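Take a look at these structures.
Heads up, the next two complexes both have chain A, just with different partners, chain B and then chain C.
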Partner chain A sequence: MKALKIKNSNMTRSRWIFAGIFGGITLVIYLIFCVYPLLDSIYMSFFNWNGYYAIKPDWIGFENYKGVLTDEIFWRAVKNDFIITLIKEVVIIFLVVLFAVTLTRFKLNKAESAFYKFVFYIPNILSVIIIGTIWRFIFLSGETGLMNAFFGLFKDGFDVDWITEYPIPIIGFVASWCGVGLFMLTMIASINQVSEELYEAAKVDGAGEMKQLWYITMPAVWLQVTFIVVSILYQSLGGNFAIVNIFAPTGGIRGNSMVMGLYVYLYGQSNYATVPGPVSFSYAAAVIMLIITASVSLFVKYLMGKVEERL
Partner chain B sequence: MRNRNIYENAAESDLRKFDRPSKIKDGIGLAISKWVVRVIMIIWSLLILYPMFWSIITSFKDTAQFMSNPWAFPKRWLYTNYETAWVKADFSSYFMNSVLVTLGALVLTLIMVSTSSYIIAKYKHPVIKFVERFYALFMMVPQVLLLIPLMYMCMKYEMTNLFTLMVLYAIQGVPFYCFLMVPFVRGINDSLLEAAQMDGANEFYIFARLILPMSLPAVFMVALLNVIGSWNEYVMAITLIKNSSDFTLPVGINNITSSATFSYGVKFATLIISMIPILIIYAIFQKPLQNGLSSADGVKG
Partner chain C sequence: MKTRIKALLLSGVLVCASGLGLVGCGKDDVPSNAFEVQIYAGGYGTKMWEYVLEEFQNDHPDIEVIPYMDNTVNTQMAQRWRSGNPPDFVFLDGGGLDKDNWLKSGLLYDFSDWLKTAKVNGSDELITDVVDSEMFNYYTDSKGNTITYGMPLLKSSYGMWYDENWFTENELSVPENYTDLMSFKNAIDESGAKTNGGNTPAVLCYPGQYSGYLVQGFILPALAAYNDSEFFNKIVLASDPKVFEDERFVDVMQRFMDFVEGGTVMSGTLSLDHTTSQLRWLRHDAALIPNGLWLRGELERDVKGDSAQSGDVTAFSKLKMRYSPSPLVKDDQTPTMVVTTVSCAIPKNGDKTDLALEFMTYLYRSDVTERFAVYSDTPSAVNNLDLSQSQLEVSDVLAYTQSVLSDPDYLQVNKDGSWGAVDGEFNAIVNEIVDGNKQKLTALQFCQRLKEKAQEQL
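So, the complex of A and B:
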């Protein structure tokens, strides 16, 4: 027994029982519902499976991967994902920095800033289906769409089919609309962490408000921007799918609004029977998606770290 | 005494001399930028509030009114849209399903997250360290990758029901919520636990009487986030739930917006119905939610 004793452990019999019951059960449920399906799908991606358990799948090696990587639609999806992400990054970071700095440093009226904080966070508590449905009605084609009705005030018979014609900018905009609130709060928190004494000291040294903003607030902001850039990247590459699924359930015309997540989802539901084993094909796409998402996020994180060092 | 005053006055006047020109420039620049940002913020607020306001007024219209002018106020306020949505479109049962799933997931989450956080935060053992790393790693897997394999798994074992959904809503958040709560529990003083152990209290007692009361703010925040998350969850529900008696509100909305039986007004009424509970919760708990979120992310950043 002595060999099993581990240094620096503070476990007692009672603790093992507690950890075994609560932590153990949680871990088992997690393994069943979140780990096993993922590992199973990676394994099945080397087979030729169409979703029916009655049919025995054949091992086909990397055929599915080859199929995904040579599919034009998949690359369009990757491109769309990155465009949406870029729109989100630019819009969200611009607005977040602007709003957070204003709300913390520009001494607004208390009720006014409380109002902004309250309103800007509302999109974060609404369901994606509610957001998607409302915005889909706003961008509806024909004269009943709110956008068309708005432009119709200036030009008679204005009719643009927004979602079919400009799916990606619209999805990028709606996704940014949802994202500002949360990151604004984290940014405000990180600006408030800067000690007020620094500003006092700067004032004594004769630095004006703008200078204080630039030399004291901005470094704190930058630290948070790094975090926001990576979070948006990660969320967006993996999560664009939900909102796209509502706007354009089949990925638009020849995949003009396809994103990686939707590609995985549609093949997985066997909606696309263009390949012999659509489900395993979707699993292969999922693995490729995971690799792309993880490697791009890690790379950007590394890059941001480098930039930070130089500042 | 006198000397010090002279010094101070001199320093101040020096400062003033040095500061004055830039201060005036700053004053104007600051005022202008303040107003520019204020205009942007007002526009952004309108972009958020107007669509919601518009959905509310649209929910009182009939199709003809909606078609003729989407901007206008309803000429006749059609309260029956809500009745139709609640009774005929079956939103009363979807609402109950949502309540059931949300509450069930909340209870499961609180049990699993608070105990796991305590174990990860205070127990020292390589196995527990490993589990912590493992959760941190799997937290990064995008949810969409799990959807399809989960769907086939649940179909195979005939688990496509509300109970599975409840368990999923609880278990999927465990790593993230633990990650929020662990720093909080770690902050509890070890000597308290040791004292309790000395007195012969077992772990269940320590957890229930010491850890839980002391980490109540973190528990509360996890509860809030979980309730909002489960109430709104759409993707998982639409993938797993095929039987209309098990629909939750988001699935019901998806179902009704694509159907031709109901008018636009009824469709918008369903949106409002599912929005209201969460807006009320947000309005009441706005402060703890915002504070909690920002402090949590402060740790992350």
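So, the complex of A and C:
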């Protein structure tokens, strides 16, 4: 068999074999566990399947999609997902840049720097269940909730049902809190790549810290910022489900805490769906969620690219 | 070079073999003589199951009894039911149980013929002689065929729980009807009772995350109190959407809305789950809590759990739990309890049907039924179970609830069947009302939403 030759490539026969074995295994696993379930879900979304193999489902075309797209709870879920994502984007980007610049530019000693990196990274090593449970107790109603107990020191009988009255800001805050650590580390790595000479030259020209941040640091790490923005976007749209499920497992009052992931999960059960095939219905909702997430992510990536060109 | 290629190939083969091994691992590692039972470990506990399974295992050394007992077992086993490989026996209780779909898919065994001759293990008594026919669970499919799918174990009901000691201490009387209920808030105010935080206790609290407790324990009995089985069955089966606009239904909804409008429901209840709501009731932040008969057993575990505060164990020891029918009934109506059975089933096409049926006969032995009642604190579905001579420790709460459920002054209405998605909608509606009815809907408009939901699923 002739070796496959690619112009200007330094791939040798042994390298092709190496790539074929390890890349091939990964590709097969990816196809089996990611691509096939996705394609099967899309296919089954056109039926009225209730999840049981004993019953042969019927083809119903786009009925499930129509049901999802005409459900006001679904659109409330989409709105909530975008609001939470926006909160996360603003809070995480702000805190990541702040912490990363502080830890790189302010010349902390090694021990201090390591300590702060560890502290900020702790939320990333805790499971979502633990994070959600802890924060749920903090925001719990009644005097047992930590937040109410704190404010109760200043006002007798202080009792706010935070989770019911302010679900989206609270979920946005908690989700942001646990998203800072990892991105901060990647941002630190990016900032450390920026040549120190640029900052020295800027200082000589009289540029203060803010101008250095805006004109040197940000353009240099813009690719990293794009990565963070897009990562938060596709992790959040559909991924907020984990945190929301702990705070409001039924989606709150009239869906005020509903998010797309939770909608897919709940409306696949007979307690909520009135269609004969709730599992197919939830597949249709998942496909719509995928389309929304992918479209928005690609659009944002395009916009970020345009901004980078201007910078 | 050749050595390196060989090394690479070997590594690749090893990776593939490990992968396939992992994939294959876990499948079919259940022995062929296994008898698998799915038991939800929830409010009723599992002590009685451990007893009867041990008895069954001792009598059948040739099989291996494999119990799956966990509070997430229904979700864990869901895929097995979907793929046609269910366990051999299932306890029909707990979250994640997809009973409606099992029935629609024809997955549960029909006991109708078997019951004609089935005897209690070790006895000549027929099972149908020790359990009333209305205690069994029936299902009628779209073609009108009726099966008996649920074998009853316990007789259960939701109701309103209160602490008799706290009521006595504060000179309060338990509200028994709507007039009492509407004046109860004033009675609490006048009694001077205070919570730990210095506030006045609310009339009731409930787990807002599972508002079905409020529907089942507070509202449904008020509908059953009309003592019209056709009306009630149309509601609980959602078989006739027009029933949700019946003036009686609208009247109950209006009473509920008027009650809530009086500021009677504990603030913050909407974000609570069953554990936190039960602990808040234990601390007397509210006088009443709608709950099932498992409350005492669950609370005993809750006070030792992560959500408990110091003082909860002491508070629990001072508690004198009592149970009352819903006071949402009209003054001229009999206090009513909606009774359900807690039951079990076996899959229709299981490969150990005979063994499962034999296990079923063990569940009606007197030593087993006694343990079911005592360990779960819930009256048995078996007729006339006398616990007065029991060697086991019968709790004061069980003795009391047994007396309530056999009190001729109370109306008992049996409930069997499912109202499908009306459940989710009704739960959402009660929370919206408690949240202040921000959309300013009328009682009729809320009822119309239920009607529409029932119509959609027909």
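Simple rule for what comes next: the second predicted complex is superposed on the first by the 257 of 311 C-alpha atoms of A that agree within 3 Å, B and C clash if a C-alpha of one lies under 4 Å from a C-alpha of the other, contacts with A are read in each partner's own complex, and residues count from 1 in each chain.
Following the convention adopted for this analysis, a residue touches a chain if its C-beta (ideal position, glycine included) is under 8 Å from a C-beta of that chain, and two chains touch if they have at least 3 such contacts.
Remember, predicted model here, so these are calculated numbers, not experimental data.
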Touching partner for A:Gln193 - first (chain B), second (chain C), both, neither: first
Partner chain(s) touched by A:Ile134 [first = chain B, second = chain C, both, neither]: first
Partner chain(s) touched by A:Ala201 [first = chain B, second = chain C, both, neither]: neither
Partner chain in contact with A:Val307 - chain B first, chain C second, else both or neither: neither
First, second, both or neither for A:Tyr265, with chain B first and chain C second: first
Which of chain B and chain C A:Ile291 touches, first, second, both or neither: neither
Between chain B and chain C, more extensive residue contact with chain A: B
Partner chain in contact with A:Leu69 - chain B first, chain C second, else both or neither: neither
Contacts of A:Thr250 with chain B and chain C, given as first, second, both or neither: second
Chain B versus chain C as contact partner of A:Val90, first or second or both or neither: neither
Chain B and chain C footprints on chain A, overlapping residues: 14, 17-18, 22, 25, 29, 51, 53, 137, 144, 269
Touching residues on chain A, where the partner in the complex is chain B: 6, 8-12, 14-15, 17-19, 22-23, 25-27, 29-30, 33-38, 40-41, 44, 51, 53, 95, 98-99, 102, 106, 108, 115-123, 125-130, 133-135, 137-138, 144-146, 149-150, 177, 180, 182, 185-186, 188-190, 193, 204, 206, 208-211, 223-224, 226-227, 234, 237-239, 241-242, 245-246, 261, 264-265, 268-269, 279, 282-283, 286, 289-290, 293-294
Of all residues in chain A, those that touch chain C in their complex: 14, 17-18, 21-22, 25, 29, 50-55, 137, 140-144, 152, 156-157, 159-164, 247-250, 253-254, 269-274
Residue ranges of chain C touching chain A (in the complex, touch as defined): 1, 4-5, 8-9, 11-12, 15-16, 19, 81-84, 98, 100-102, 104-107, 195-199, 208-209, 267-272, 276, 280, 285, 307, 309, 420-421, 423-424, 427-428, 431-432, 435, 439, 453, 456-457
Residues of chain B that touch chain A when the two form their complex: 15, 18-19, 22-23, 25-26, 29-30, 33-34, 37-38, 40-41, 44-45, 47-49, 51-52, 54-55, 58, 66-67, 69-71, 111-112, 115-116, 119-120, 122-126, 128, 131, 135, 138, 140-153, 156, 167-168, 171-172, 174-175, 197, 202-204, 207, 228, 231-235, 239, 249-250, 253-254, 257, 264, 267, 271, 274-275, 278-279, 282, 286, 290, 293-295, 297-298, 300-301
